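Okay, so subunit A shows up in both of these, paired with subunit B first and subunit C after.
Right, the complex of A and B next:
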């Protein structure tokens, strides 16, 4: 009896969700076609769809996507190697953890996007300033999670392994790494996400190329339908990359 | 005996063990060292057009405030953050309560809230500027769109976590709807509400600052691009530092409030 009621409730809430999204689409359609909201502010959904098909089919997105992914790859490579190495070195001493962890956490609390104008001044409007910003922002979750992973491994485990005669390498391979990995991987996933978002953000604010720049460019030319299509495209790309990284993390966690 | 041992440790001993017991002092030392490296590098090795030593930045803050328009732009940014935060709290708490209190609403609308929260909002920043213009409104709106979701989610989760027994006993004692809100729900959700406000504040800061930097024809964004074009590293670093200090102060205020009110229950 109760079972049936919960399934019924689930079906109803799915219906409400679908109706809500459908109502949004309908509202958009009505606003664009019937109530005569300006085309510059709100394009016709059909136009957006056509533009989206055109962007994907013509491959017009490839140069911008390549720029953005290239910046992301370099930024993440930098923040990952620096974050993991520095985090591991700090985590080896309780004292260093006490000195550095609050400092890093405090800097992490500042909206680091503020450094973007400084990076633009130093490194120019090209990819370098985006890479620097992405690396800076994603460094903090990675280094903090590495410290949290390696710094708080149960001392008794380490002592036990030592007393059974484990070498440094064995201690690392069989005790430290398995204990730290889940926390560290979560940090790496988060670092990846914020690196991607900050690369797109810095392209939006100041750049010559990349997906973020493309959206701004279309907005400035009042080509709103194509801009909407690009926004949908970028959201899909971000969702796809995040899903891939979550999947990779899940697989590594399981091992 | 124990006492003398303790005093011997306290009096005897050199800088190193003292630092070992005071990691906070060592932390300040690290900061001072970094500032010193920056100072020396900027003074003697790097191009002054691009990097300015911290002492010069600090001394020229007065100059920065004397630049026409800069104080006004900073005030406007503070104003946007304040209004954005208040609106985020109102919308976030309202929707959070509405969604959290009703099981059906929670089941139906929480996935939609999470879906919207998951959208990389930076992609829609140009739409905000198209719709709300380059003035105050677009920045407040972008701040709210970043700030309201964490509050919503925290409030809804907080309400969901309230033990059903509390509702049952209040109802059996004849509590009205308002009394339930006032005496059961509000006190129970204080910790999660403040946790949400902390996340909401960092969201509002991010949203407002992103929009400020994006619009380069007015406000902070105008000055950062002018200082960049003029290679005026000193003023640019001064402006960025002031904004960072504002952000730290606001974050810290909300964090203190959270610590204070989260402790209330224990």
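Right, the complex of A and C next:
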């Protein structure tokens, strides 16, 4: 009985969400076709759809997607390995946690995108400056969650393991790691998301290639229909990647 | 190995948290000596912060005392002795990401039990505490009393001669701790284990113990040892016997002044930090 009511309620909220998106599309259609907003500012949804089909079918997106995902992969690999290693080492000493945790949290709070001009100056307009920015931004949630995960493992559990004769390696494998993992995975997911955002954002500011670069390029050429189509394409890619990462995180959690 | 040799010998043990003379140092134990005989259940009781849990940790090699020595079966204690003694803590200290049976098997893995033997021993330990039906439950799915049973099963599976129990029923409600106490008494009469049991509860101490060591307020040392001459397993009817009440009253008489002393001490503002620090180190989560 109660189950059926919650299912019904869930179906209703889904319907409202879909109706809301449909209404937005309708407004867009009306604005472009009936109210006569300029095509340069607001393309016809049908044109955008056709462009999207063309982008996907022709494979025109492949070089840009490759650049963006390549930058993301390298940036995330760097921030993950550095963040997890440094975070673990800091978490081993109460003193280091006390010194570095507030310091890292404070740096995390400043808008790190401000470093982009510096990175471009140092590393050029190519992928390296995007990688550096993505790695810098995603390092902080990863290192902080690793410190939080390993640094605050229940003392009683550690004492219990020791009293039963656990070696250092066994303590790590069976106590510290499973205790830290849920917190750490949340940080890794967040790190992945901000790395993706910052890589695309920095491509729109200064670059030669990548999805962000393509969108800016199309805007500058007033090819707004194709630009909108690329925006939709990027949104779909980002949603897909985030869903995959969330799925992976959910799988690794213990209840 | 002579039967006269105590299971645990504590000789002139003192323990201090922090450096002597430092603003926040605490003298938790002062020159404490105690012999725990083989096969007895020895309770340690005293006001909070008196160092009884610290003494238990020292017996188990989890803390090195600042002075004095401890021997287990004649061997000096220098660190954890997983083959000689097993702990049961106030909070169950079960690993929440493992099921009950995985927890028990993991304990034996740490101790170094041969792989082939672990399943069989886990089964026997679960049977002993009446938890076979809950082997595949996670600790989070169990009540507090069931968690402590599972923790006891884990300790039993290690098949040590000695069990050290640090307020194992302290976080449970009155009825649950009474039932678990009865079960423990039955278990003890069967297994011939030596058990050291830290408790706050006068009734629990009299009901379970063969001997009760009463601690003085900090710096803790043993004020008196009282024998409870009653065979195990003990029935609930023992709790209504005149002997039970006489012993309980005697214990209360001994503890009364020490509890007052401990309370006035902890209400002095400067000492409050010490109290909290000592309670933490003591394993008391108040």
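The criterion applied here is as follows: the second predicted complex is superposed on the first by the 234 of 255 C-alpha atoms of A that agree within 3 Å, B and C clash if a C-alpha of one lies under 4 Å from a C-alpha of the other, contacts with A are read in each partner's own complex, and residues count from 1 in each chain.
The rule is short, and it goes like this: a residue touches a chain if its C-beta (ideal position, glycine included) is under 8 Å from a C-beta of that chain, and two chains touch if they have at least 3 such contacts.
The structure displayed is predicted, hence computed values, not measured ones.
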Which of subunit B and subunit C A:34 touches, first, second, both or neither: neither
Partner chain(s) touched by A:57 [first = subunit B, second = subunit C, both, neither]: neither
In the superposition, subunit B vs subunit C on subunit A residues touched: B
Contacts of A:102 with subunit B and subunit C, given as first, second, both or neither: first
Partner chain in contact with A:205 - subunit B first, subunit C second, else both or neither: first
Intersection of subunit A interface sets (partners subunit B, subunit C): none
Residues of subunit C defined as touching subunit A within the complex: 60, 62, 80, 82-83, 86-87, 89, 91, 93, 95-97, 106-107, 109-112, 138, 140, 158
Subunit A-touching residues of subunit B, taken from the complex the two chains share: 20, 23, 26-27, 30-31, 50-51, 103-104, 107-109, 111-112, 118-120, 122-127, 129-131, 202, 205-206, 209-210, 213-214, 216, 221, 224-225, 227-228, 231, 233, 236-237, 240, 243-244, 247-248, 251
Complex contact set, residues of subunit A against subunit B: 9-10, 12-13, 16-17, 20-21, 40-41, 95, 98-100, 102-103, 106, 109-111, 113-118, 120-122, 196-197, 200-201, 204-206, 212, 215-216, 218-219, 224, 227, 231, 234-235, 238-239
Of subunit A, residues touching subunit C in the complex: 156-157, 159-167, 170, 174-175, 178-179, 254-255
